[in-house]
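Here come two complexes built around chain A, the first alongside chain B, the second alongside chain C.
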Partner chain A sequence: MAAWRRAITGAKHILASSCRPTINRTIFSSARVCGMQSRWVAPLYRELKHRHTKMKRMGLLPVNKRSEYIEWNYDAELYGFGKRLQVEFDAETLREALTDSSYVAQETQRQQELGVSDPGLTMSNNKDLAARGERIMSDYCGPYLRAALPLLPEEGVSALVEYLLSEDIMSAVGYGIGLRDLILCKEHPPSPTTMARCFRAIVGALGASPAAQCQAFVRDFVVAQLVGKDIDVIWKIENPMAVLGNILHQSRQGEPESRLIFQAGQKTLQAIYHVGVYSDKQCMGSGYGETVDTAVKEAAHDALRRLFHITDTARPLPFGRDADVLPLKTEANMSLDHWSIDKSKNVIMC
Partner chain B sequence: MSGKTWSLFWGSNFVRAPLQNGVGRYVQQLQRITFKFCKTHGGSKGMRAEDVDSGTCSSRTFHIEMAREYIEKELVGFARDNPGVVVYVKPRRHRSPCLKAEYLNGGEEYMSTQNHTCEDVHKWVAYLRGRSGYPTERIRKYQHTDHPSIQGVWTPWTHRHPAINIKDYPCEELSAAPQTEPTATHRLLELYERQKQQQQQQQQQQEQEAAKSSAA
Partner chain C sequence: MWHLFDGQWQNPLDAADKIVPYLDGSNKPIFHPLNDSGDHVVLINARDIALPGTEWEKRVYFHHTGYARGATWTLAWQLHEIDPTMIMRKAVYNKLSKNLLRHGRMARLHIFPDDKVPDSILDNISAQIRQQRPVPTRLDHYPQEQVDSFPKIFDWPKDHIIN
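Moving on, here comes the complex of A and B:
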């Protein structure tokens, strides 16, 4: 009983001290003014945090450039960039490669707004270096792929090179080696087009270094993007049965015949057919499909994959020491129209 | 935390490497690390040893000093060993120390080093240095491949002979239960065969002996 009484008196005392008449309470003042922990402060912060996360997820929040922060040293970043990728850059060329034309225009305009009539900016943008880099990459990727996949028709090689030099791959590599923060351009974050151009310029900046170093860079960062990807998905053969027929005709072999090997679940939703393609009673390949037509197409695809040595079980692309000793092949592979099994026996496999 | 909640919170993923890292060359994914700390909190820059001994400093001040100890003793060595990592040191007044790591794929890691000793900071920095920049997730397996089977996907007809296509059904031979163990009939037949062979051998031996004796 005595404890109760003490507690009530204490509470009265606290209330009296917290609601002193000297404090001007308005509708804006919180209970914290009275020394009380409010029940709405934490929920409010929680809600604000929730909204912040949501806006961030939707991309509505302005993203600050990393270079706007106080802890930013561009020289140190450029030094670290080269060291990280284990290549030697010429400092001036690297700066040029990272400067986009939009940045130069922006700087010129800014200086004119500040009243400088002749800005006299000596900055040059990375367009020339990008063109040079693209040339370096296409000059290396083609011979490398021809040497690594000697039986792949020339059409396939050029499709692979085109894929590697596409904007998607270029920008993905550019983002992946950390150009996002280093690039000098107007928009932020840099668009894939700008990023792709910048990465090409980085390769162009490496052009001054020894050829082996430059080629190793292209191989390790650009060609490596082919690892784990299906070549016949990148290079789509439109009419595989006709192509196979043409190849067999060139090789003076019998016409391709498709034969049903197995079938199950006809007239159901899960029907499956297993079709083999034969030439002179020799199995060239087999494939599965939900209809006979798709199975025939798949079988012809499989036969072509076996002929071109691009199956899942084929040897992986050479990297590292294997690639250093790989003799590059500048002359074109056999084209698809002239591809024949007899000729393919003469091709030296590395 | 139950297993399900744990999985929902952490998520799960397969082992992966950003940008096929390591196929060609290995690129360290940590691109910059910022050490944020307070220079003067709880004492002047040269915090004296007797202050610590006599206990005039609070334990908090002492530990902040520990975080500074890393910067004084080991940071230069770290920067020298990792030239690809840009190191920033950012003193802030009266704020607790922390590490901020930024990775090439845009990932960021913030870590409070409040009350951490020099060894702790050293270990956490080594941990951040080895990360890939992907968020911490439960790894489903310690290896991953895009082609789980180089023989191809299993189908109902894998290792089946195409001759079963032209059988007339119902077929007694194919409908029969597969024999895995020899039956009693099989065993009897085997015994019979063995006896037959033994008898033949005995007969041959007898004939050879008879031939020898006749020759002598």
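Moving on, here comes the complex of A and C:
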């Protein structure tokens, strides 16, 4: 053992003296021995990845439009768009519906900068089509909702229609059907306002097709946004107890009377009260709350939900074949001020 | 929810079986091991629990202080004299599932040696757990006139002494 050590030390001395200028490395200083390519490739990629994610988080990365890629074929995309949605678009109208006014202005300015004094642009923007589309949607959504929810007061129907035609819903549907890459507009990605206007114009472009097809499109893409939503949340009733009292007065029934059904843990942070609303000893509804006041309010809400048939267990909105045969109702539902239980018995439920 | 359980003349070992589902929430249809759905149980009259057979004399509670010769063995009747809630508490503690939630569930059990419960706790109660053994009415609990008017098969001789 000792002899072996002496031999190695001796050899080191010989090596050191013979090749002094070279760096004295041990055999394991080279990473190649361990099967590595190098000691800097992986750390470099790691650092680049880190910088990339950081820039992405800060929003500094340029967002490339799909149309900037070399194999982009706008005509084919427009054709495929209609086929995906299974509707027939007029090609020119669809192109007009997807053209925003900012894009026309941008093109005109670009041509003027290039020295074209009179740019002969024949493009028209989608403002007219958007107005037409909004009219089509409001003309269908209102009668559809009145027919599907015949006991919902007219105020509720108009609140639902307003919700469906709001910019949030319009732009969400627009993003959902893939308008982001098809819109011709100045900014990218398109702002919700532009997106909403463009979607309305798409519906306006469908106006030329048969009414049934257009209505089915509106129903499947716009009205379907109500599925799973709580109508009571979209249409907020302020002071439900007063509204319930008014309805009972119209129906010639007794005043609503709230009574405590159950309570637990009053002296704790998790107190719970269960309150029922009664009229002429008949239970109209019940609700829970952390205080008596919230429970009373919830109970009144529940009573109204039961009267208007918009509880969680109510029938779902008709779609598909059910909606095709649904007779649309153009005359207004009962208004909230004139709503009464006697009148609601005369309403035909379909 | 807050439940009341009367420990009067109840077997603490059987009562613990009944109380544990309320503490850990497994009596509810929404029960899941990861959700905290247990209820509070207020146990009164813990002093009047009834251990069966010779359990008062034969049941031994072991404790070790951790020091050398620190082991003690205490009989059930001795422990009950020291702390009338301890037998009930240990019975429930042993029946609860052995995990990190055990102490939190024990904190929802409020044991009182008699029926004197502070109002801050009593006001929360909204349900009662049925006793496993109905408490029979003892002869000395009946009013005297009802005892006297009860039909007798024979009369004791005047000079007979009943102790």
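Heads up, the rule we're going with is that the second predicted complex is superposed on the first by the 310 of 350 C-alpha atoms of A that agree within 3 Å, B and C clash if a C-alpha of one lies under 4 Å from a C-alpha of the other, contacts with A are read in each partner's own complex, and residues count from 1 in each chain.
Keep in mind that, in the parts below, a residue touches a chain if its C-beta (ideal position, glycine included) is under 8 Å from a C-beta of that chain, and two chains touch if they have at least 3 such contacts.
Nothing here was measured: the structure is a model prediction, and the numbers come from that model.
If you count the residues of chain A touched by chain B and by chain C, you find the higher number for B.
Once the two complexes are laid over each other on the shared chain, residue contacts for A:167 go to neither chain B nor chain C.
Residue contacts after overlaying the shared chain place A:77 against chain B, while chain C stays out of touching range. Touch criterion met: A:268 reaches chain C, while chain B stays clear of it. In the superposition on the C-alpha atoms of chain A, the part of chain A touched by chain B in one complex and by chain C in the other spans residues 262, 264.
Taken together, the chain B residues at the contact with chain A in this complex read 18-20, 23-25, 27-28, 31-32, 34, 83-86, 88, 90, 102, 104-106, 146-147, 150, 152, 155-157, 160, 162, 165. Residues 1-2, 40, 120-121, 123-124, 126-127 of chain C touch chain A in their complex.
The part of chain A that touches chain B in the complex is made up of residues 66, 70-73, 76-77, 79-81, 83-86, 172-173, 175-178, 180, 216, 219-221, 223-225, 227-228, 261-262, 264, 272, 274, 288, 312-313, 319-320. Those residues of chain A lying in contact with chain C across their complex are 262-268.
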